[in-house]
Amino acid sequence: MPGLLRKILPREDSFFALFTELAENVHAASGALVDLLTNFTDVPAKVERIKAYEHKADDLTHALITRLNQSFITPFDREDIHDLSTAIDDVLDLIDAAASRMLMYHVDRVRPGVAELASTLLAATEQVAAAVRMLEKRDHILNYCIEINRLENESDRLCRTLIAQLFDEEKDPVQIIKWKEIIEVIETAADKCEDVANVIESVTLKSS
Amino acid sequence: MPGLLRKILPREDSFFALFTELAENVHAASGALVDLLTNFTDVPAKVERIKAYEHKADDLTHALITRLNQSFITPFDREDIHDLSTAIDDVLDLIDAAASRMLMYHVDRVRPGVAELASTLLAATEQVAAAVRMLEKRDHILNYCIEINRLENESDRLCRTLIAQLFDEEKDPVQIIKWKEIIEVIETAADKCEDVANVIESVTLKSS
Amino acid sequence: MPGLLRKILPREDSFFALFTELAENVHAASGALVDLLTNFTDVPAKVERIKAYEHKADDLTHALITRLNQSFITPFDREDIHDLSTAIDDVLDLIDAAASRMLMYHVDRVRPGVAELASTLLAATEQVAAAVRMLEKRDHILNYCIEINRLENESDRLCRTLIAQLFDEEKDPVQIIKWKEIIEVIETAADKCEDVANVIESVTLKSS
């Protein structure tokens, strides 16, 4: 492309680069959440680390939206770009919300099954990162989306089991309130991964 | 229409047929919820029946979104088709969530007023099904929307009354947590019926 | 503009007038919420006053949506007009929800810090009203949006502190359930102010 045109036309590929960075950031944060819940030591430092990922994702989302609003040409629908960036950012907000409750609620030990729920989320964010990396080439992208849907269903079933167990086993209503919220926040993060998959599916089918 | 054009152009009418099937499915599920809460026997079988409606609705919604993404011409705005199908599907997800909590929370009797709340939802889904059936002809469709809004207000008032009564009458905090959630889930389903009405109103006014 | 054209073309400016009226209505309602929580007397009358603002906002939102659906030309994107009016209306629904819980939950005294949380919301709705007033001229509008984001972050931090204190200080689980909800409803209203700011930012950047 001649130099002038290069200057006039927006660098579309940077949308893909920003999306990839955002998705990999979310996947790193969900790995840090699994680590926090599995090895429940140095809690304040681990919570802080997840908060740092969240600030990074806010910056990346803001960069994406600003670029979107200033670009004349975009690699796919403006609305899909907006929906995709906010859905990925929502996953990270929920990961941060789950982590921060460990401090807010003075949690001293993690209930059985909750680390497994976070591991299901980690499997989902791995597929999200893989799908986003393929957004430009669109190879096998629908397979990632199918896998994300499967993991969300698994997360939903596990969430219902954990909440039923919580009510069966825990007699202290205050503990029920705290853990019901933590479990639901992690499951909602997996839900948002499904929203991400739906936008990616929509983008892929439109262009096929 | 000549045979060739018929083949090239998408069968737009199938959007209406799929929407009608989806809305009737939701209405059948809310009928099953009223039955569950009114005649609280054979609970696992009745909960399973509602879950089957939810799986059916997932398939119909997926068929709608796939058709949307592959169609060049659509009977109304792409975004409205997307919003309408997800709003109708959300109603059924919430009906399923309310039903499944009967088992998750080992409910042994239904609190007074909760079946009435579900009956208000049933009246709303009846109007939703009627409005969706009229989407193609658009006869009297705004009257259905007005009635859905009226029923949502009624549901909202009844929900606030039931929650105030719950806190007044129930001393066990665990029971309060369980029933507050069940009541709010049913009221949120009525809320989503209003979202459906808003999309239908928007579609109708744009084309008038 | 000649008389005939004036008749044919919609009066675009009335969108701005309706938005301004809606935003000022929300700001008045959050002022009434601060008053309710600071001077906790005549509670039923003050709750009723907030409910009246909510009914007014419903009418204004409905007028905006109807005008939107009937207008051929709009001052900015149809979707942004829709998103902006529903986001502003959501703020008021949440203010009303917080106020009405004072009666529903027979609150007899307001927990420390909750009036301060509402004051942060009031500061945010002041910026929302100022930004909306500037929508037509678009002077300094991004500064208002930055300030709304700053206030939402402040509200979020205060909310987390108040909920941590609630769990630390309050031993009655029923009181925890009630106050956790009231605090979260007020913080969600501040969240929705950020949604308003995001739409305004998007509108402003697109046209710059």
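Chains here go by letter, A, B and C, matching the order in which they are written, and residues are numbered from 1 within each.
As a working rule, a contact is a pair of C-beta atoms (placed from the backbone, for glycine too) under 8 Å apart; a residue touches a chain by one contact, two chains touch by 3 or more.
Remember, it's a predicted structure, so these values are computed and weren't measured experimentally.
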Superposition rotation for subunit A onto subunit B, Cα-based, multiple of 5°: 120
Same vs different contact residues, subunit A with subunit C, by half of numbers used: different
Centroid distance [mean C-alpha coordinates] between subunit C and subunit A, Å: 28
Per-residue multi-chain contacts in subunit A, two or more chains: 79, 173, 177
Subunit B residues within the subunit C interface of the complex: 79, 160, 163-164, 167-168, 173, 176-177, 180, 198, 201-202, 205-206
Residue ranges of subunit A touching subunit C (in the complex, touch as defined): 65-66, 69-70, 79, 100, 103-106, 173-174, 177-178
